[in-house]
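Take a look at the structures below.
Each of the two complexes below includes subunit A, the first together with subunit B, the second together with subunit C.
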Partner chain A sequence: MVRRGPGRAAQVAGGLLAASLATALQYRSDFWMEMLTGLSRSLLAFGPVWLVFSHRETVLGWSADDTVLVLGLYLLVHALLAGFVEPNLGAVVESIRAGTLDFVLLKPADAQLLVSVRRLAVGRLIDVPLALGVIAWALAQRELPSGSDVLVALVLLVSGLVAMYSLWLLAICTSFWFVRVDNLRFLLWSMVDAGRWPLPVFTPWVRWFLTVAVPIGVVTTFPALALRGEWDARLLGLGIAVGIAFAVGSRWAWRRSLAAYTSASS
Partner chain B sequence: MSHVLRALPDLMRVGVAGAVAYRAELVIWILTATLPLVMLAMWNAVALDGPVAGFDQDGLARYFVATLVIRQATSVWLVWEMNYEIRSGRLSTKLLRPLHPFWQYATSMLTVLPMRLVVLVPLVAALVWWRPTLLAWPGLTAVLLALASTALAWILTFLVQACFASLAFFLDKTDGLFGVWFGMWALLSGYVAPLATFPDWARPVVELLPFRGMLAVPVELLGGFLSPAEAMTDIALQLLWVGVFAVLTGAVWRRGIARYGAYGA
Partner chain C sequence: MIELSELVKIYRVPVKSPGLWASVRSVFSREYTEVRAVDGISFTVEPGERVGFLGPNGAGKTTTLKMLTGLLHPTSGSCSVAGHRPRERAPEFLRDVTLVMGQKQQLLWDLPPTETFLLNRALFDLDRREWQDTVDELVELLDLAEVVNRPARNLSLGQRMRCELVAALLHRPRVLFLDEPTIGLDVKVQQQVRRFVRTYNERHGATVLLTSHDMDDVAALVDRIILIDKGRVRFDGGLRDFSERYGAGRRITVRGGLSVLGPLGFTAAEAGTCSATVPADEVNPLLQAVLARLPSADVSVNDPPLEDVLARAFGEQT
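And then the complex of A and B:
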């Protein structure tokens, strides 16, 4: 049965994800290696936090537990980006260079959806439960957040994730024109690293940069503030606005890019 | 040795041509190594209310600027390059030339070094503009020792990566395995925090490991945190680790190359 609208999109996405899971599970040694690398990376990310808080009780009002909460959110976002977003959008660059993007464009479904759920780095997704565990542990160290705090944190997290995905899509769009700038993605990764610390440690202009240009702060510090009960309408509004702006902007850029795409065969 | 010296000018010309052709990529690659700046932001906030482990805010800024520079000066990407060339069989071309592949890789990476450092100039200038008080002259002896120590750090980094890369003769891919080593390096080499911030019980162990000789020794010399007299032991330790990895890497390479069976071999 062919459904329409969001139902059809979900059906397509489900089918593609199942196929990419099956593909990923074929390369088992790669899978174990990725898992090992990801786990050790995540564990070693605690090193600097441990060092910092062996010298101070709090830094700019952030305790060790709160910083671990930010780190947990950072690990979660990192794992989702590395597991879902990077393998897919990285493959688009390769398709543009090799000309195989044509096959995607010919299919009777939205091209952005198709290129976004083709591949899955299963090994990297192992970090998701680890990150959730870290977040849960950090939350258990303080008074449990209220229902509305959790809801606001979730909204901010989703909005920020949408923004980060859109940022990757924007980076990919540039490769329709400049084939060799795909390592712009590596530059993004290095900026994502800033998300492991709470935003207040940065100077004001960097803080703004990490909110509206590379919105990693929206996914890490903003939800952490919400879970501490320290959110207001301004924070929530800013978080949602960033998500919507990035989603709309990247969708527009993607359509422009496809329109300018001359394909390998023409 | 003399045949290496004779081939050197040509190899360097090739290296420079490659770097110039992909200069935009090079700039992006260098900008990806900005983790020290993220760490500086945090440690700077930590030192707001007084020095931490002997580092005040100026000292921390100096430390992480030096980290940024020495990281570029010791940058080697042999693991990724050799992994790819072993898997794709392109290593065979290098094996045909009358010069050990390690020399070919080494010259191509060393020729890009000056360019990598030039790209850093605006970044360092911006940091000095942000905090002019970070500048301090450690003394001529310290600078000369830092140069020698940087050379040793580069050689050690190259040998370690050559060792992991040669393991790719036995395993399919080793860049993942190297990722684990890299994570340990980041924590224990002084890349994310000065080693002085480690607790007292951990420091003697951390200082004996090879990681410190790959980054922290030249950084501390350049920043004036390590006196030339103290540095002698550290440089001796660097030499020791270079020796250990030279032997180890040589053994892994010889065993591995005997098994190498990519097409063209």
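And then the complex of A and C:
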């Protein structure tokens, strides 16, 4: 009898993470290279913010400190996407092409869980503490947020992360039909970059696009607004709704995709 | 244990005429054709049976195995394995089966095989003691104690394939689907793999469905053959029935004497012998003719080699 439930999922995820960590640590040079490129990229991200705010105090009500808070959240999401989501879901594309997804589907565990925690780019995850440091610095520049503000920010952050992971999964699902979806992933990354700026600086339709289509705004600007104490039930509800909609939609698409899986010839 | 009823799998495959203009046109409007990879296959395999599932390339063998393991969904018809519908991928079903593919590997490439074994322990939710006992048993049977702690990428193909078998059998499946398990291996490792599969089958009563183009695999491992071609079953029966049906008689082999026996239809065979294959009722007259010309000839009469039988069977089908 195979167990089910959260304990079983934790067992599967634990086994996969231990193996992926062991694999990642096999290549020390890759680790250092990933870490250096990730850190350089993160530090360079401050350039445009410095450039803008060296000329003016605020942009549409957002000060330099608030913008750095959004930037810190963007760096956090970027690190998690690059260190965790992209290596795993990117590997699915190769698995489909080579037919090795067969082995994933032969394991008595949820296939979506199996493909989502197989790999780690540990060097990229080093950006996570850097991002947390930037967020802490930005918060320290103003009155500290209340407990409820922090809680709402965390809920929005998690909901936004779920939405971004789901968006990647949706993109990967297309590879069951098209096999090569590299261009779609490049396009996603370039749209994710818009998340380094607060949503209000964009035109209304771009704001909506970055909330409901490529929901990077939900995971950067929404928590930043909550930490500034500028949240209401509508913002919280929208953030949660986007997370749930993406999670349900991507789960449905994943199941449909598996049913269409044709495997590779031997 | 395994039941298939009118199982069909149709693939939709894009077709394109040659030339640049056709390539440009295919970007906007693509034409498809339907390929019936499996076209109404029915058979039953009893628990503990060892069955060879044979056919030429493209006959539908691997597609059938993938439907039986739940990787592909049938277009129509039904199949059940160990009481489960494979397409539902129930955890209990996946605990009961395994698929070994000679051309694909599940070992973690950068890590020693022991790491894959550990990972499979978590994925199959195996009790630590049972898992350790199984690892010890399989590693000993396959003579792998020296290599399981080296990174998989540093192992030879034969060592990796044997480790693949361990990884595939850690959960002690009751049904083994083996898709060309000895492809590319040297003779010694092939024999080791065959011995191992046989031992596992006898020790655990596991059902084995094997596809292979290596007739030594078939001769050593299976008691029953299911021959398919163009997605349909063409023969289903015992190994001996198969030889009799497609073997077209018996093979008479004589040591030396080709120059004398050539006129009787003998041709040169391996290791200085010559041979002729004739229908069963012509064996005695031919033997008498041979002994009349070479009274002290060293003669043997056997079934023709399985390769010849299969080549003949494929020839009749295509």
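Operating definition for what follows: the second predicted complex is superposed on the first by the 260 of 266 C-alpha atoms of A that agree within 3 Å, B and C clash if a C-alpha of one lies under 4 Å from a C-alpha of the other, contacts with A are read in each partner's own complex, and residues count from 1 in each chain.
Note that contacts are C-beta pairs under 8 Å (C-beta built on N, C-alpha and C of every residue); 3 or more make two chains touch, one makes a residue touch a chain.
This is a predicted model, so every value here is computed, not measured.
Touch test for A:A19: subunit B only (first), subunit C only (second), both, or neither?
Only subunit C; A:A19 stays clear of subunit B.
So, does A:S40 touch the first partner subunit B, the second partner subunit C, both, or neither?
first
Quick one: classify A:G7 as touching subunit B (first), subunit C (second), both or neither.
A:G7 sits against neither subunit B nor subunit C.
Quick one: is A:G237 in contact with subunit B, with subunit C, with both, or with neither? Answer first, second, both or neither.
Touch partners of A:G237: none, neither subunit B nor subunit C.
Determine, under the contact definition given at the top, whether A:G99 touches first (subunit B), second (subunit C), both, or neither.
After superposition on chain A, A:G99 lies in contact with subunit C alone.
Is A:G61 touching anything from subunit B or subunit C once the two structures are fitted on A? First, second, both or neither.
A:G61 contacts neither subunit B nor subunit C.
Write out the stretch or stretches of subunit A touching subunit B in their complex.
It is residues 29-30, 33-34, 36-37, 40-41, 44, 47-48, 51-52, 54-56, 59-60, 180-181, 183-184, 186-187, 189-191, 193-194, 196-197, 200-203, 206 of subunit A that touch subunit B.
For the complex, which residues does subunit A have touching subunit C?
Touch list, subunit A to subunit C: 1-4, 8, 11-12, 14-16, 18-19, 22-23, 26-27, 98-100, 102-103, 105-109, 111, 114, 259, 261-263, 265-266.
Mind pulling up the subunit C residues that touch subunit A in the complex?
11, 62, 66, 69-73, 89, 91-95, 97-99, 101-106, 108, 110-111, 115-116, 118-125, 151, 179-180
Please give the residue numbers of subunit B that touch subunit A in the complex, ascending.
It comes out as residues 22, 24-25, 28-29, 31-35, 38-39, 41-46, 48, 52-53, 130, 172-173, 176-177, 179-180, 183-184, 186-187, 192-193, 197-199.
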